[in-house]
Amino acid sequence: MAERKPVAVVAGAGPGNGAALARRFAQAGYAIALLSRSGATHAALERELTGARGYDCDVGSGESVARAFAAVRADLGEVSVLLYNAGPGVFADVESITPEQFEASWRVNAYGALLCSRQVIPAMKTAGQGSIVFIGATASRRGGPRSAAFAPAKAAQRSLAESMARSLWPAGIHVCLIVVDGVVDLPRTRQGMPGKPDNFFIKPAAVAQIAFELTRQDPSGWSFEVEARPFGETW
Amino acid sequence: MAERKPVAVVAGAGPGNGAALARRFAQAGYAIALLSRSGATHAALERELTGARGYDCDVGSGESVARAFAAVRADLGEVSVLLYNAGPGVFADVESITPEQFEASWRVNAYGALLCSRQVIPAMKTAGQGSIVFIGATASRRGGPRSAAFAPAKAAQRSLAESMARSLWPAGIHVCLIVVDGVVDLPRTRQGMPGKPDNFFIKPAAVAQIAFELTRQDPSGWSFEVEARPFGETW
Amino acid sequence: MAERKPVAVVAGAGPGNGAALARRFAQAGYAIALLSRSGATHAALERELTGARGYDCDVGSGESVARAFAAVRADLGEVSVLLYNAGPGVFADVESITPEQFEASWRVNAYGALLCSRQVIPAMKTAGQGSIVFIGATASRRGGPRSAAFAPAKAAQRSLAESMARSLWPAGIHVCLIVVDGVVDLPRTRQGMPGKPDNFFIKPAAVAQIAFELTRQDPSGWSFEVEARPFGETW
Amino acid sequence: MAERKPVAVVAGAGPGNGAALARRFAQAGYAIALLSRSGATHAALERELTGARGYDCDVGSGESVARAFAAVRADLGEVSVLLYNAGPGVFADVESITPEQFEASWRVNAYGALLCSRQVIPAMKTAGQGSIVFIGATASRRGGPRSAAFAPAKAAQRSLAESMARSLWPAGIHVCLIVVDGVVDLPRTRQGMPGKPDNFFIKPAAVAQIAFELTRQDPSGWSFEVEARPFGETW
């Protein structure tokens, strides 16, 4: 009987970073579980990637997360790598956002990160290894005037990641964070910023490669926080 | 007719920093509105401080916050200073906390900070002045292994404060944050850490004095983030 | 016989922050020692402030520093407050600066800070109290493209201040840093940036007031790093 | 005629990180120039690694640096990768260090970093590519009580690196920093800390691998600062 592939979960499997992460880890031999709210985005990746499988999941709901991970475990086995990419942003200042937007942003970026992490930690502890990679943003580090909802959500995620790293690294679980500091190259972002040169954008494949290398690091020299920033960006 | 006193709201008016803030601003001539979940903590301060008045308020509930601030405005007038001190902590690692604790911590420290701020911003903008002071903690800056619920909540609060500072300072509203980096001197904390010397603890009056000075700074040189750390502390 | 005034040293006693620091501490009853490279800047302040006295000093030279502090001690007594304000900046990128500029910037901002601190620490330790306040800049925290000489010098100063705070606070010596994050209001800077509104600039008196309040903090809640940033500034 | 190998310079080619960097880049096909103060450390690596060549160099001396790089260029060609690993530390507090130690630490860690960088920038700019990797330490970020000489030197280096990154990335030169946050595994450090388990130490090969991957990153997603920290370390 064939050995089972190691399992990587991409939570937030939309186009861009989500799809690139799925591709990079599939290429390295992982079975990929794609978690997202709408099945539509799964279909294309399921067709493209051998061994990729989509699961409907609202990462902000404990019940939905529990159901999705139970299915992943039943279908593919225990999770070796969790790639937490969920987290769309609203961009407005404190007077313009609604409390509902503030909460929704936190629920997907931080609360869902906790829920999904708790699904994979026990088996990783038993195995004495595993990787949990959070996809952060500039807002993980700084609250800008127009990120009154997004930045607090990303800061909470970063702080959770740091707390987890400090308690889980000694158990062999590599918790880490990629700070995507720039605009990801997507048809949508290209359209929204016409005239920007190619080198303004971050290629999702570059983010995925950084994530992959993080999961390959020697435990005697792990990184917690790593930026992905386009070389032409002003920072 | 006598001129009305300027109004300071202490959200989270428990013993310790809350009471000390109330005392410091009362002494400087402010009418004090004490917001807390249970009326019990108000009574003593109302008796002690002339012009202090308690309001029952669950800062995590939009409805409760709206009702409390409407009462404050009717009783005392528009708010000049918001001192956001709400935010008890749970101390446990990512495997021990419950998602409910994670959410409750965020709701009081971050969501409530947004709700209360939104109640006072419009009048402050009209007046072209006002102060919003958040009482943070070591966890505002760092996620420790045992602050998996508290640190993300405090990090979200800090990030919100920074976003607000960047959008509201130009309107004359001084948004700032005190990082209380140590253990506050309370009967409860003294009991929990027997044998610690006096100089291990932060006196609430010292925190209150820093808050007061922040509200008196010249706008040409405002501070955003200020620590309060006992001189004998190892950091 | 009259009691001696406490002594404050202003190292880098030029116009702007240096003069404002001298004025603020003189007003509070300190005898002021003005240290700067050229006696010319002293003369006016000596005339203006009762009990202020100028000393020629190249802060980057161990011999010159030793001589100046020996004179201060002989004339005024042991130093209670050291206000380290020396540190002009060169603004150019890594390809444009010379190694000589890189070294000169470090020598005044960091090496001189060490030399002057070492002159005052022993008496402060004996007294069990004292304050050492460093005047930093935006560059203390960040290396900008055009601060290839200035930022490394200011970063070294900040790091030294932090190391000193950690070893000297427990001895009662309050080492701290003011991050002046903006352009100080001076005839020279006004001329160099014509058309800027008043609220663009930081008033030296505001920086001096922050420094003064730092020296008055209750040791149970000391601050290490405090910004002075104009409210209208974009950051 | 054979194509020339790309050239990597290891400045600070002692045992530990220096040797590991040399090995990793030699394995990837680089000609390696080993710079260190004493030829003794070169000899073994020259024998071990094909195409490695040692150069006596005092990185704190402009003349010595100019001579060494002129020889490298003549022998091996223009430099593609500069790995700046020089920088021994002295560990003592502000009262125990001497000003000479403070200066010597800065001269090797910061001033030498500038001198060596200026030797390689022009050709990298012409080529539109190149990598400059600084090997930092915990002290790059924090001034501890006993790093009064080392931390300011490392902070200056980090700040210089950040300034360089901001001005040179757009020219295609990837300036970055590895924060080695722990104790490097060496016979000397093992002896100095007897009884520490294997997982306490950082393997030099892990640091070298991170450095190598940094030089391979896609320019659309470059990292500036990356930690190397043992998984069992408390941080």
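Order as written gives the chain letters A, B, C and D; numbering starts at 1 within each chain.
The working rule: a residue touches a chain if its C-beta (ideal position, glycine included) is under 8 Å from a C-beta of that chain, and two chains touch if they have at least 3 such contacts.
This structure is a prediction, so every number in the text was calculated from the model and none was measured.
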Point to revise | Chains in simultaneous contact with chain A and chain C | key: B, D
Point to revise | Same-site or different-site touching of chain A by its copy chain B, using the half cut | key: same
Review point. From the centre of chain C, which chain's CA centre is farthest?
Key: A
Practice item. Let me have the rounded angstrom distance from the C-alpha centre of chain C over to the C-alpha centre of chain D, please. Key: 33
Review point. Once you find the CA centre of chain B and the CA centre of chain D, what distance in Å lies between them?
Key: 45
Exercise for review: Provide the list of chain A residues touching at least two other chains, using ranges where the numbers run on.
Suggested key: 166
Check your understanding: Tell me, which pairs of chains are in touch?
Key -> A-B, A-D, B-C, C-D
Exercise for review: Flag every residue of chain C that touches chain B in the complex, lowest number first.
Suggested key: 166, 169-170, 172, 174, 180, 185, 199, 201-203, 205-207, 209-210, 213, 217-235
Check your understanding: What residues of chain B sit close enough to touch chain A in their complex?
Key -> 62, 93-95, 99, 102-103, 106, 110-111, 114-115, 117-118, 121, 139, 142-148, 151-168
